[in-house]
Amino acid sequence: MAILEVSGVNKTFGGLKALTDVNLTVEENTIHAIIGPNGAGKSTMLNCMMGKLQPDNGVVNFDGTSLLGGITPYQINQLGVCRVFQTPEVFSDMSLLENVMIPSLARHDGAFEFNGWGPVAKRDEVSQDAIQMLAEVGLAEQRNVITGSLSRGDKRRLEMAMCLVQKPKLLLLDEPTAGMSRADTNNTIELLKKIGERDITMIIIEHDMHVVFSLADHISVLAQGTVIVDGKPESIKGDPRVIEAYLGGELG
Amino acid sequence: MDAILLQILNGLDKGAAYALIALGLTLIFGTLGVVNFAHGALFMLGAFCAVTVGKLLKYETVKLDPTQTTPWGSPAEIRTPIVEEWFGDFGALMIDYSVPFSILFAIPIMLLLGVLMERGLIRFFYKRPHADQILVTFGLAIVVQEIIKSQFGANPIPQAAPALLAGSADLGAVLGFDPGTVVYPYWRIIYLLFSALIIGIVFAFLQFTTYGMVVRAGMADRETVGLLGINIQKRFTVVFGMAAVVAGLAGVMYTPILPPDYHMGMDFLVLSFVVVVVGGMGSLPGAVAAGFLLGILQSFASMNEVKNILPGIDQIIIYLIAVVILLVRPRGLMGRKGVMES
Amino acid sequence: MSQKLEKIKSPLDMEPLTIEVHDVEASHRAKTARNDLILMVVFSAVVLGGPWILAPFGADYPDLLQRFCIFGIFAIGFNIMFGLTGYLSFGHAAFLGVGSYAAVWSFKLLTMNAVPAVIFGVLCAGLFSAAIGYISLRRAGIYFSILTLAFAQMSYNLAYSVLTPITNGETGLQLELSDSRMLDAAMGIERTSSLPVTNLFGMKMSGYEGFYFCAIILIIAFYISLRIFRSPFGMMLRGIKTNQNRMAYTGINTRPYLLTAFVISGMYAGLAGSLMAVTDPLAGAERMQWTASGEVVLMTILGGAGTLIGPVIGAGVIKYFENIFSAFNEDTLHAAYSFLPEGLADFMTTISHPFVGEGWHLTLGVLFMMIVIFLPGGLMEGAQRIANLFSGAGKKSKAESSATDTQPAE
Amino acid sequence: MSLFDDKFSRRGVLKTGLVGAAAATAPFHFVRGASAADYLNMPKGKSVTFGFNVPQTGAYADEGADELRAYKLAVQHINGEGDGGMLNTFSSKALKGDGVNGKKVEFVTGDTQTKSDAARASAKRMIEKDGAIMITGGSSSGVAIAVQGLCQEAGVIFMAGLTHSNDTTGKDKKANGFRHFFNTEMTGAALAPVLKNNFGTDRTAYHLTADYTWGWSQEGSIKKYTEKLGWKTAAAVRTPLGAGDFSQYITPVLNSGADVLVLNHYGKDMVNSLTQAVQFGLRDKQVNGKDFAIVVPLYSRLMAQGAGKNVQGIYGSTGWHWSLTDEGSKAFVKSFGKAYGFPPSQAAHTCYVQALLYADACQRAGSFAPCDVLKALEGFKFDGMGNGPTEYRAEDHQCFKDVLVVKGKENPTSKFDVLEVVEVTPRAQVEYPADLLGGELGSCNNGA
């Protein structure tokens, strides 16, 4: 069953066509990779899916609900979509635990709840979820460290924990291994595989073909603002259109 | 109709003062990323350059006249300005033209003060939060203000425009109205033209010199320019000095309109911030446009015809316009995205 | 998550987590709770002991003590907005003014009892801040600051002039013999030829009684602020300050959080304003001027924005300067140095004279600059540094999550 | 029972367990307030403390500094230092130069900042901390009324400094408050005849009025008296306080057909609006075949200096001027000039006189108790203080004395020589019935 359907999406910026008739279907419980050369429109597409940008026309449906028409990022998140950013977006002045507790609270209490009296420390279900999630990404022992001092790789793992604690139906990952060492990249791949076993659908936007082919169940190739090829990894690997799009760029 | 024309002139004049201060504020904010609450103090310091020059020119020799006494019993004094003793009529002329004359002094002095301020204080705050910048520059403004107060007192000190320019021009005759209906003081017309000139020079500098190009690039994207290997520090210093000169000149030329006192900077500070924000943070044309727009709207709101319908509207018009513009245009008239929003 | 915490295994071949996690967490929580209790006890003791503690500083007279409490409340409230969310309101004085006007009207129309005045003041300020916040919070950053500033300046200008029938303009709203005081009249309280005084069920609200009333309200206000800091709500506000973008992608609707914080802090301002009226029943328009708003910003930053106790200290320092430093004149100064040899005393008088009396603004300006340059986190950072020096615990406290403790938010 | 009587309330504290901690600690403090004094801050030692509350920061700081100079001089004279100043010319000879009631006068100072709140805080400090028996000073009516109210509540005497609004001894008058300075009503009465003599009866006036209570009060009085002369009022426009640039209010005057501009502004507003009005050529204009005239109802010499040559030929009123030649004025100018090197302002004069009047009243009453002092001041007639025979009217605690009509001097000989006295309007001409301005004095309050 398709959890996300994108069809006929166009987006122009002042006459410049960023997306042209983009069609995409993401099946439930799969890892779907979107690849493409720089400037292919990957980020624009992600922003259109997350309510950050309004496409000129087209349909974006998540789990039967349209993500267009004034719906805001927080509402999309409440529907069960969570995004991990290319440059980690974390609460850098706060501890790791607090970083994960906030999304945990968002899941337990909804988009807004005024609870200004009871100490957050006594919300056991919230903090336990958070600690557990930190443990899963291997950061539990540093939970009281201020986040700003973390390495980039740790920040990204933290961000994943922040998404996972919400038990999202769909996880959007924007270049999850960008700027990581080989070892960190491999750790992340392991982690994502693990997550993949948890009934979470993932969309991964990635440059690193090693990551893509280690993880993806399905790949869409974006070039010049449109999906040029769409299929299983095996079929993508040898596709001449993809090679052409990357101008002979290395694949695999 | 003549009333409206006069109000437009008033508005342009008022706007010119707002625009000049806002221009400097925007230059500093746009290039250096610093919210400068001491900018009003620079305006005030400029005005006091004129006061100082005026005082120096009027420095008098004092001869005591023992034949006459003051009511409190000390001998009467006969005072003669030294420049008059030295230069005779030319000296008197210099005294008469002390305000325009002050410009020559104000430029190097304000430049120096600006550079000192940037090198000595502001540069340590480039990477600090805006709240810190506000607090430190506000503290500086108070210190500068109190020093001026201790030297010059709290009362306004009058600065006369040159006698030749003290009268009014009959613009009505020129523009086809009845003679005598549209008269406007020469000095205010000069102030307007002077402001236009300064604004023109600043824009030309930014537009046509390589220096200016770097500054403009810096306003657009500070990080990238820093990466280009350009000595951005030196340019920052010059920009700050330039902003100080603009504020200072605005102050010098304003003295015949508004007798300066130590507090005049604070009086203008809040208004000029409103102007900058309405124009859009970091936009120079925005700052100038907002200055004139608010000046003119304020003048119109002060007309009896308007006040009779909306009592007190002239008290709040600037703020009201600011609210409306910010609600309609989230980043002011010409603001860019992402500036000062977090 | 249905798994038990004890059974967690790290997926990344890290050391398996043990049951201790829970214990550590519990002890951490207990420690925070204990620290908070100590904080509350010490705070209350210091506030209630103010008249004795401040005696050596010459600040032990009721009016200044009241002012310390009132501006402490104002700054605590402001800190809930600015310190937690990072939204810098430049118009909080308007809420203080509204609270004052509302309280004085309550004295004029209803009763001289302080309780209705305070309730009325807080409610009015709450409504007013809800209206202004609803509009201003549509924008962020400096645009928000300017919107709040604009609303406050409009309130001030109108209160000074056109709204004189409600505010009594320049003179300030004050009690009159002819006020109706309906509730008092209904309770059969006779009118005298002198103005009645504000009271709390018969206890007059000026002098030390007024101070203790304000002090107890300050302690309650501080406690509420402490609860807010520790609550999920407070955590969300800090999240907004740190990364609003992430908040949005985390499913948090930030606007109502911000508005609630804004209204709470507006109500604090209204509380402070109504207490000003309770201890001294006069409400002047200049209470709403931008300089008054700026003052609370300075208090908060000076003490340490985002810290619990910093704003109270900042408020105390500024009010101390305003009331004590401004009162020095050459004679008192000379008297203060009288223990020194004659020549030295003269010299000291000469060099310190520009900084006191009419020069107290200069001292304040220099102080602001010094604090921001050397102690970016405000006075609380200074205190922290001194504490670290003594305990040698600098590294530890930095490594530990103490964002909820009284640590400067840098 | 009376809720407001504090003897009851003190017991009330102990009864009400409402404020646990406060109740436990409070009685300690009451020892201070509840001592055997008959009145608040009753002096016990060899000295008595006056509180001088003047603006030291803000727009009126220079005026405040001049007031403080005058107060220091007054204290010296009361204590028998210096040349005695006006004590030598004062009609009452009660003060002997040995302090008041045998006690040496000391003083404390405070900064009003020209804000009601700050002024009240500063006055409270002087009353509560420094034990001031009397508060005096101020340079604006808002502050005077606010501090007067405070002194009434606290139970000390308030001797107003420079305050010109009718309300101080009208709508907002208080038993414990006294004003020596004149008011807008007197300005109107004094100015009108001079205006008539110089400008005739067929004039149309245009008012620019500072948009707050004093401005309105001034506008009302001038309108009232000029309209009695037969003048018409073209318009009365309110201008925001501290507008800075008044051009948008001045240009409509140009073609309004009015031939007199009345600037109901004070302080910086007056300096700016007058400077700009002259700049727009209003002083040299001809309208309806008459010379256009500008009138500044309340002049302050200190402030007029800020307008420079623009004041020349402009009419207004003032409370006192150093060029007066009566004995009292001469004595004051002499001792002030000797001490500071320049002549005193009207603010200095009124403050100096207020301090002496208060000290004299205490001496005559033989007590510092506010209610005794009040009796000594009410209806007190005196002379030799620079304004001719003067009376503190019992009904409203307003001094009635001569008012000066002045004009900006055409050929000043020094920077202090800004104004020339055109006419000394006799007291009889500016008197008005006590009930004209409303208000209620209430009863005197001894505090404690």
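Here the chain labels run A, B, C and D in written order, and each chain numbers its own residues starting at 1.
Assume contacts are C-beta pairs under 8 Å (C-beta built on N, C-alpha and C of every residue); 3 or more make two chains touch, one makes a residue touch a chain.
As the structure is a prediction and not an experimental result, all values here were calculated from the model.
Number of steps on the shortest path from subunit A to subunit D, with steps defined by chain touch: 2. Note: the chain lying farthest from subunit D is A, by mean C-alpha position. If you average the CA atoms of subunit C and of subunit D, the two centres end up 36 Å from each other. Separating the CA-averaged centres of subunit A and subunit B is a span of 52 Å.
Shared interface positions of subunit C, defined as residues touching 2 or more other chains, are 157, 160-162, 361. For subunit A, no residue reaches two or more other chains under the stated contact definition. Along subunit B, residues 312, 315 each make contact with two or more other chains.
By the contact rule set out at the top, the touching chain pairs are A-C, B-C, B-D, C-D. For subunit D in complex with subunit C, the residues that touch the partner chain are 2-4, 6, 8-9, 12-13, 16, 18-19, 21-22, 25-26, 29-30, 33, 56-57, 61, 64-65, 68, 108-111, 115-118, 120-122, 124-126, 128-130, 140-142, 145-146, 149-150, 152-153, 167, 172, 211-214, 238, 240-241, 440, 442-443, 445. Looking at the complex, you find that subunit B touches subunit C at residues 35, 121, 124, 128, 130-132, 134-136, 138-143, 145-147, 150, 270, 273-274, 277, 281, 311-312, 315-316, 319-320, 322-323, 326-327, 330-332, 340-342. Against subunit D, the residues of subunit C that register as touching in their complex are 44, 48, 51, 58, 60-64, 67, 112, 157, 160-162, 164, 168-172, 174, 177-178, 184, 189-190, 192-197, 199-204, 206-209, 212-213, 215-216, 276, 280, 282, 284, 286-287, 322-323, 326-327, 329, 332, 357-358, 360-361. For subunit B in complex with subunit D, the residues that touch the partner chain are 2-3, 6-7, 9-11, 13-14, 17, 70-74, 77, 79, 149, 153-161, 166-168, 181, 183-185, 187-188, 256-259, 261, 263-264, 267-268, 298-299, 302-304, 307, 312, 314-315.
Partner subunit B is touched in their complex by these residues of subunit C: 86, 88, 135, 138-143, 146-147, 149-151, 153-154, 157-158, 160-162, 244, 290, 294, 297-298, 301-302, 305, 354, 359, 361-362, 364-369, 371-373, 376.
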